[in-house]
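Here come two complexes built around chain A, the first alongside chain B, the second alongside chain C.
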Partner chain A sequence: MTEDHLREMIGRVKRGTLTRRGFVRRMAALGLTAPMATQLLAITGAAPAAAQSVPAYRPMRRGGGGALKILYWQAATLLNPHFAAGTTNQDAARVFYEPLAGWASDGTLHPILAAEIPSLENGGLAQDGRSVTWKLKRGVKWHDGQDFSADDVVFNWEYARSAAVAAVTSGSYRDVNVVKVDDHTVRVEFAQPTPFWADAFVAATGQMIPKHMFQGFAGANSRDAPANLRPVGTGPYRFVSFAPGDLLRGELNQNYHMDNRPFFDTLEIKGGGDAVSAARAVLQTGDFDYAWNMQVEDEILKRLEAAGRGKVNIVEGGGIEFVQLNATDPNREIDGERAHISTQHPAFRDPAVREAMALLIDRNALEQFIYGRGGPATANFLNNPPRFRSENMRWEFSIQKANDILDRAGWARGRDGIRAKDGVRLRFVYQTSVNAPRQRTQAIYKQAAQRAGIDLELKSVVASVFFSSDVANPDTYTKFYADVQMYTTTMPQADPERFMNQYVSWEISSKANSWQGRNIVRWRSEEYDRIFRAAQSELDPVKRAAMFIQLNDLVVGSNHIIPLVRRPTVSASLNNLRHVLSAWDGTLWLLGDWWRET
Partner chain B sequence: MAGSIPASATASAPARPRIGPWEEAWRRFRKHRLAVVSAAVLLMLILAVLVGPFIWRVPIDEIDFTARLQGPSWDHPLGTDDLGQDLLARILYGGRISLAVGFTAMLVAVFLGTFVGAVAGMAGGKLDAALMWLTDLFLSLPQLPLLLLIIYLFRDSLKDVVGPEMGVFILIVAVIGLFNWMPVARLVRAQFFSLREKEFVEAARALGASRLRLVMRHILPNALGPVIVAATIDVAAAIIAESTLSFLGLGFPPDIPTWGRLLFDAKDNLDFAPHWALFPGLAIFLTVVSINFVGDGLRDALDPRRVK
Partner chain C sequence: MTQYLIRRLLIAIPSLLGISVILFTVLALAPGDPFEELATNPAVPPDVRAQLRASLGLDDPIHERYVSWLLAMLRGDWGYSFVSRIPVDQLIMQRLPTTVAVIGASQVLALCIALPVGVYAATRPYSIFDQIANTLAFVGFSLPTFFTGLLMILLFSITLDWLPFVYSTNITSSGWRWWWDHIRQAIMPVLVLGLFQGAAWTRYVRSAVLDVIRLDHVTTARAKGLPESRITMRHVVRNAMIPVVTLVALQMPAVFGGAIVTEQIFRVPGIGSLLISAILANDTPVIMAVTFVFAGLVIFFNLIADILYGWLDPRISYR
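This part shows the complex of A and B:
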């Protein structure tokens, strides 16, 4: 299906010659899912952008639901959303703090503290893409009884962008300007046309903290604010107690701004343990209602589910488990830095070797025997929302083909069966974090590679080291001092702009940026850079989607990136718990809508 | 000869065969029935891991998805893991590494400990105080962070010289040995303090025995009992320490099935594939228990002052 074809159909919907339902049906006939079709309409202004996928909330009165017990096997350590590095802290803060809007599971926005989602029709979005105006919900009160207003929103912008505060959310606020229009209206202004406007004040980084509690701590003393550990928010539950790294308690907020919500009288979020015991605590013993992030082999989850007490929830998102083939040489040191950008990997600079590596991983086995429902095989790096998914990439597993390619490229087998050419042996260090499914994947990959004359030396690094940003440690994934590595990268927003900047040349991870750059594989392509820049300011959503698909094809086509399986978010809950989950936002993004069927 | 006393026929001892100290030890060891059984078990384990892979020729890394998590059968006497790899082959192969690490690390610890303890015990005074400070220092060091540091510093350079597996082996043995010698040193020193004042040592000294001879012939053999017990405990500790390091991703590469690694891999499947954890666990258990009993027997056997 071409861009023109699509555009023409959308035009017909806008003119009224084609019904929305008819459009969705035609799209389905072309193999596109219904959410994708509605989404296409939404982003081109032919349908409201607001979420339609939030399930109905049934309880007719507030409270009376007893206790809600949630298990996070990695515990939260502080409760200020602007300092929340990591999902667990962001989620814990989300119990008490709310953003203007959150991302629903279909990748659309759902208003929370906003009265409505800005769009071209309601005048919220400027035609030139340079500003967005948010109307705030009226009658919202902080837990201490004060009114929530535009001043709070402006304060959050000032607080987050302040260098003295050093908030982790600063990236969303640094380059925008926020203006108070009236007590219940704010305008966010951008320096250039910005197609992805829903960053500031939205989802995890958009959680609102109250001005009256934090204005005395909006400088270098920001970490001393008592409210960092005793939050006063607008959320459905009020703060009761918090033991960092262990237990968080909340109670029902009588003045919550949504009718009949929340359902539960008390809330308890327990931290600690590991993923498997968390799964047991919900699925097997029923001690908890909900457990977050089930990084567990599907086989185990299925057996636990068989007990019949609970179920496993799988929500499609953008997370992907993938392999990187280093573009630079990790064994040569230049200016005290290995994998320096001026070097080339001696083996991976040959496209034949990369192609062979891509042919040697049996994604089917990974999906079938290791990840199961938690990891459908994929050929794409960018998989979701569906409108950004490329149809051009294919994956294949063939040891035979890999052998042929290497033979043709002149990599001959040595006496020990390992191929070599011009003194370069196909012997690679393959690193990943300590995690059972990953070690299984390593074993499968190693065996196939061996049959093609490639020797993989396996290395596993404990997750807290591998994923740390410790500059002194040589084993972190951002340093990538290995030939091959594998991990999951997540996509926290329903827009791929930030996700796809992982391969632009100015994001290359190096000593100069303390290895904070997002381009860890250190792959460079002028074409990629150019298309990415164009996508950043392209206001036409259809064209923009086509650009991101092109970017995906470029990087996957280079074989420096080998996508393995998609990683939807997997959680466990009791059968009678009714929750609202979304892979594009935190687990507790709509905690007020959770209830229990009796 | 004038003044010589004629030998009395009645005073001559009955012909009793002369028994050497080693035969005596063996005789005593045999009396300790558990020790004998344990020695046999240990010998069998060692033989199995040494010879086993030549008899049971299934590859340790053959992935077979059609035979996942199977219980014991004729094809796979100890069952398979979740990739369908044969557990018997893996346990035999891993046992070589686990046992080698255990015994070598124990030897390092015992030699170091005995040396430090003996020097401190014999020298006394300032040297003793200094050595005991050193011992206390090592005892109070936070082991895990230091382990991480040492491994980060030396792993890569050692790997370049002797290859990844040998490099890790040397490093782990050295590291575990270096952190387990302190109890042995203290034991040996305490023994030396009490022994060097004993009459037989005084007698030897009076006869003009050199210091070295005093230590090697008279004191050390008498101090060996507790050292042997400590050594047996060290073997167990080393096997377990190796699994800790593997668990942290700092030990052997993840595809080398040491016993600790097998247990770690199996733990999530404990309730529906117990065989996977059971057999490596049993192997570790048997090794540690039998070594402890053998140590017990040896202590009894080698204690020269024991009358029985």
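This part shows the complex of A and C:
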């Protein structure tokens, strides 16, 4: 796909000979996420960026729907969106607080507190990419009756970027400048031309807290704000009570700014327990309407679904389970640091070994016997819904081929059946976190590798150690003191920039940055760096899109990264519940549009 | 007596200090920190996490953190949850009523089973009743609570659909209906815990009574022609109760400490589930507070048990 080709397609969309959906599908086929593709159209003025894909809401009046009961097996612990680290807390806060816009499942923006989605036509987006102007919806009231205005938006920016507050959302706010234009207009200004402008004030990190409740607590005393536990927002449900780690209750907001919404009179979010019994409570006994994040074996879910009361919802996002082949030598210590960037992995520096490793994992078996619907096999790192699969990358499972490649490259089998060359034996430590599906994947991989003369020594580390940032612990995934490792990485945003920075050379995880760098595999490519830097400042969305496609192909093509299965979000709901889910935003991102069919 | 009490309380101080030092050191040495989730989230820059750590004092040396924790604890400030960002005592007070109700009821149930069954079985050793009681007791305490809990859920909630298996703190009904709803949802956790505890205690009561029933003073009482019931109640049970009291008293802190596994299965929002979620989230202040209070209760109930001995057996004196 060249830039010219992209321009031609966009031209066809403008002329009307290609539908928007057709365009998105073709883009996706090239490894470009749906959100990127639609933003592309929006920025080039070919289509409105606003979502067209939110299902119709049918109830004709507000309320009367009874109780909505939601089950989270991980309970929410706080209700201030700027302190909410995990998805459970972000979701719980989302019941009461709303952002300017949210991401629909097709990756388009859906206005919530904004009157419209900024675009080039409506003047919301600056031609030079240095600012975006949001028009706020009028007539929106906080739960206590005060008006929502531009001052609140500006306050949220000040609050989130303040070092004293130490908000976890600060990453989205500290590099931008926010200006109040009038009471219902704000402008977000960027230091550089910024192709992806929909970060501040959008989705989970964009939830608006009221200035009048928090302005006295916008410093080191932020934790003392009473509203941290008694939220006053603009959302469809008002706060009733909250017991951290247990139960959150809400009631219908009579003054909600959307007509006929919400449908339910009361809302209850119960937390705690385990995923399997949560699935039972929805699918089998029908005690609850919706259960979040069903990390349950697909076999069990299918059996529970057979009761006919509820169904399992699978929403595709960017999460992916993948294997990394260390580019550096984990067994040599330089300056008190193993896997030092100045070293090379003795075996993996040979592309033939990496290619063989990629051929030895049976993704089909993983999908069929381990992950089921919760883990479709994939060949791409940058992923999309199934119908939007990239065509450039392919995966294959062939022990025969792997053997041939290794034979040709001169890796000969020793007396114990393990291949070696120049004193380097193909014997690797393969680490991951303790988690049943991962241990089963390890076993499958080990078996196949054995038949190709590669010995995998399996190691599993407790998740709380593996994923910790403990500098003193040698077993963390960021230290990667092993030859091979496997885990899931998620895509927090509907834009690939923050996702694809995992392979740039300045993000390499090392002692110097306390192993906080994002490039854990320590793979380096000048070409990748160059293209990534160009993409970062490239304002032309068409060129930028073509660049991300190249980045995906570069890193997957190197075989230092072996994508295994995608990890869509899986949830359970009663058959008669009509919900609006999206993988690019929180579960409750459009809670006001949920209703029940009778 | 007063002197004894004061001495015991004074002895408790160094042991509590020692416990707190050990707990604090172990927790500080344990891997992980409360902001792990942020580490895997690329949207959060590393320095934000560093700032959060610094703002909660996590970067100070262990001994400084311990001293500041201890001083705050002495002032009655239990600390501040990293995860919920509210004072720990509020969190605990929210959980305490449910824990005391559910676990307390299960302990009462256990006593109600263990005392009569144990005593009756001991007065008729190796009878049919004794054999059956013994067998059931063995079955009872060899089945772990997570297993019986799941079995009960499968039977009563899923197959029969009689009882709810998600414990709700949000019961809106009133009057008798309110009581009934509360009892209905507490039946399964109380049964699971109570039967397990009761089975163990039954064995204990039986052996304690058996030890006493063979003693000379019981034979003497029989020779005097006292009725059997009077012998059992006055001469046997009262003397047999001393070891049982120790056991029950040591179990009492659990009423406040909750039952981690059972609470998790039935989603009972008690101290046990608070503790386990705090451990999983590395929420040190909450873990410290819960375990420390627990340790304090163990010492306190030990003292109570010692005082009860004197009432049960006047020969025991306090010096």
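Note that in this section the second predicted complex is superposed on the first by the 553 of 598 C-alpha atoms of A that agree within 3 Å, B and C clash if a C-alpha of one lies under 4 Å from a C-alpha of the other, contacts with A are read in each partner's own complex, and residues count from 1 in each chain.
Following the convention adopted for this analysis, a contact is a pair of C-beta atoms (placed from the backbone, for glycine too) under 8 Å apart; a residue touches a chain by one contact, two chains touch by 3 or more.
Everything numeric in this text was worked out from a predicted model, so none of it was measured.
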Partner chain(s) touched by A:220 [first = chain B, second = chain C, both, neither]: second
Partner chain(s) touched by A:442 [first = chain B, second = chain C, both, neither]: first
Which superposed partner A:365 touches (first chain B, second chain C, both, neither): first
Touched partner set for A:474, first chain B, second chain C, both or neither: first
Partner chain in contact with A:228 - chain B first, chain C second, else both or neither: second
Which of chain B and chain C A:243 touches, first, second, both or neither: second
Contacts of A:492 with chain B and chain C, given as first, second, both or neither: second
Partner chain(s) touched by A:560 [first = chain B, second = chain C, both, neither]: neither
Greater residue coverage of chain A in the superposed arrangement, chain B or chain C: C
Contacts of A:62 with chain B and chain C, given as first, second, both or neither: neither
Shared chain A contacts, counted only where both chain B and chain C touch the same residue: 465, 473
Chain A partner contacts - residues on chain C that touch it in the complex: 31-33, 35-46, 48-49, 51-52, 55, 80-81, 83-86, 91, 94-95, 153, 157-158, 161, 164-166, 168-170, 264-267, 269, 273-274, 277, 280-282
In the complex with chain C, residue positions of chain A that touch it: 71, 75, 77-78, 80, 83, 85-86, 163, 166-168, 170-172, 205, 220, 223, 228-229, 241, 243-247, 249, 268, 270, 272-274, 277, 280-281, 284-285, 287-288, 464-465, 467-470, 473, 478, 489-490, 492-493, 498-499, 501-502, 513-514, 516, 518
Touching residues (chain side chain A, partner chain B) in the complex: 276, 296-297, 299-300, 303, 365, 368-369, 433-434, 436, 439-440, 442-444, 446-447, 457-462, 465-466, 473-475
Residues of chain B that touch chain A when the two form their complex: 61-63, 65, 68-69, 82-83, 85, 152, 156, 164, 247-250, 253-255, 265, 268-269, 271-272
